[in-house]
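Okay, here's the structure, questions in a sec.
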Amino acid sequence: MDPISYLRENVGTVLFYGEQHFLVVLCAIALGSAISIGFALLVSMDAGSQRWSLDWIVGAVREGALVVTAAALTVPSLALLVLLLPLFGLGAATTVTALTIYSLYTVLRNSVAGLSSVDASVLESAKGLGMGRLRRLIWIQFPLAWPVILNGIRVATLIDVAIAAVAALVRGPGLGQLVLTGLSRYGAANAFNQVLVGTLGCLVVAAVFEIFYAVVERLTVPRGIRV
Amino acid sequence: MSETTTNPHGIAEGHPDQRPMIVLEGVSKTYPGQTIPAVAELDLAVPRGSIVMLVGPSGCGKTTTLKMMNRLIEPTTGRILLDGEDVTGVNADQLRRRIGYVIQQVGLFPHFTVGENIAVVPRMLGWDRQRIRQRVDELLELVGLHPREFRDRYPRQLSGGQQQRVGVARALAADPPVMLMDEPFGAIDPVTRERLHDEFLEIQRTVRKTICFVTHDLQEAIKLGDHIAIFTAGGRLAQYDTPEGILSRPANDFVAEFVGSGAAVRRLHLIALSTLDLDEIATGSSPTAAALVTVPLSGSVYDAVDAMLDAQTSVVAVVDDDGQAVGALRWNTLVEKLQLRGLHP
Amino acid sequence: MPGLITVSRRRKGMRSYADLLSTPLIVLLGGAAVALWVSTRTLDDIEARALQPSAILSDLGQHLILTAYSTLFVIVIAVPLGILLSRKGARRIRNVVLAVGGFAQALPPYGVLVLIAFAPAPFGFNPFSVIMGLVAAALLPVLRNTVVGLRQVDPALIEAARGMGMSGRATLFRVELPLAVPVMMAGIRVALVLNVGTAVLATFVGGGGLGSLIVRAQTLNRPIVLVTAGAIVAALALMVDWLAGVAERLVRARTS
């Protein structure tokens, strides 16, 4: 059977796994972004204080977090998944946790970069007009950094979509199940089709995310800074 | 030039209207990790409704002084009084909402429209929409930008000069009595800057703010300032005087050198033609008058001399707004007239 | 596996020194934690056999061979191709590669590996197709990094070189490539890290490597073996990345 007719006959199954894949990545990205952005906001708040020691500590914490999350991204996915198994068991929880960990660095790096790249003169005039720390962060820094942050979320999503396929090896949900089934049925009818559809299906899931982010960008990036 | 009778160094007593708007008392700033203060024991009083220019070479502490007035930089010692109130201890953000602030890089918020930029402080102060909208349009008119055309534009759609007009409008939004300006026209081309200077003085005639203005350009200081404070390195005040005083009576060698050899010529800017006793133009020989190079009565002696040199003539006709000749100025009698005014040393 | 470690990830200053020390520190702390946990328990026969040093070493050897070959191939293919694509004339293809390269991060190496193993001879469940699969999975990211890196060379420098009368070829060899060496090192590092990670999956298509250790641990269903196996693989990846980082820094120090 050729891949197309396989797909036609099994559209329900494939859609089911695709949806799982999408959702598991969505959960992880939502969680990872919330953690990373929240953390970045905390360590990027335009100090404006003259407490140098505090600034130094905040800077050290920020750099430390970047280093640790970057190291986490280097750990092979199967290794991280099995390391999490004793804590979260087989299935979705381990998968979501691992994917969340993998998303941290990219989102954090972009958030920190975006928040700190806000023009110094803009921040100075904000301060000069009497905006407090928090207001500067919410009115000025965050909206101006948002396109960069969003791009970080986008890239983290692409990475997670690929890694999520491995999660099938710890009974995680998603298109990896198709690859795994195909692999275990090597030589049987449709084994190859299953692997092919499972692999390319990830690209379709990624494309759905890309469309989603394009819409979000359209809706949330202020017109004055849209390129 | 200034009408004020307050001795700028002293702190005037008596009627509140004659009380200086900003007073710095023994203000010093030493940055952490440095031993030499950026500003040392500075006393300065800024009269109500006047423009004080802070001038000096780079690193002289003029910007530090300005930023201490709205506490973007906290003074190490000393007191700062705003309209008689010690503001060294009040909430800094609330203080800044009472003080307009304009910087060289403008710092407009790129994701806000022109209107939203101007509305920032009124919004923080909780004004209602109607009032904010009215105020925005009023201010756009004031700085010479048509509200309907500019209100909904974004900063990147404006030229440098237009951006700075919006910057000034934003600083004026909540009608603060005091404006601090840090080289606001420093990054603008000379032609536009000239025009902005004139508009700025025009606006000041209507709004009558107390303005502190940092510049490194003495020419700008002379043109705009009611008073000029010249700083030397280490944040010391070398002289605080009217433009005329600075140019004709430099207090020390530093000021004399800073003002430079062109002081006498620069001073010509300050002498309005209308204050001179002009020569008669022989009424019978009106064809001659028509053939003369003309300068407007509202101009300065500098303009008249410039016109003479430019046309290589020794006489110019001074004309009023309607183009009617009101008198003549001759090269060979010019120096006598200046002596008569008692301005030459 | 990391999908993307961008060229600009290592910057000067505090971070660069911090992570020079931090990776060994993380590995040491993690290793110590696992070792401590293992030492509190007595291993039974099965557990001890699964963690036999000789077996682990043979897995490790296979793993390193797979990684080395695939990384070599990736460099031989991706770097020259990246140079070609960075030329002026290739703008259109370059933009396509950059866009596709970005999106292709979503293509799971796991699937690619299995697909190649399913292909007819000489592919199949053997180390050769594993290496080809690793190359396929790492090619686009490395190509993308090379192109981006070369395009980052300051155009003013190229213009200056041309202005002095250097030919296009001379400019490439004497200005652009030397300046791009750190970038290429970064590309090699990306390839290494991607391949070390992906090679863990080689065991599923008959390629051996440290993935076998994990699979053995999984079938035993003993947490202690599982965690030890995972920790060993993680430590290997971190150390390889660290060594590549040190090499990158040395090269950079010499070229700039």
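As written, the chain order gives the labels A, B and C, with residue 1 at the start of each chain.
Definition applied: a residue touches a chain if its C-beta (ideal position, glycine included) is under 8 Å from a C-beta of that chain, and two chains touch if they have at least 3 such contacts.
Because the structure is predicted, anything quoted here is derived from the model rather than measured.
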item: Chain located farthest away, centre of chain B as origin (C-alpha); value: C
item: Chain closest to the middle [Cα centroid of all protein chains]; value: A
item: Between chain B and chain A, distance of the C-alpha-averaged centres to the nearest whole Å; value: 53
item: For chain B paired with chain C, centre-to-centre distance based on mean C-alpha positions, whole Å; value: 62
item: Chain centre separation (chain A, chain C; CA means) in Å; value: 20
item: Chain B-facing residues of chain A, complex; value: 50, 52, 119, 121-132, 135, 139-140, 143-144, 222-225
item: Contact set on chain B toward chain A in their complex; value: 32, 70, 72, 74, 93-98, 101, 103-113, 120-121, 124, 154-156, 167, 170-171, 180
item: Chain C - residues contacting chain A, complex; value: 1-5, 9, 14-15, 18-19, 22-23, 26, 102-103, 105-112, 114-115, 118, 125, 193, 196-198, 200-201, 204-205, 211, 214, 217-218, 223, 226-227, 229-231, 233-234, 237-238, 241
item: Chain C-facing residues of chain A, complex; value: 59-60, 63-64, 66-68, 70-71, 73-83, 85-86, 102, 106, 109, 155, 158-159, 161-166, 169, 175-176, 179, 182-183, 186, 191-192, 195-196, 198-200, 202-203, 205-207, 210
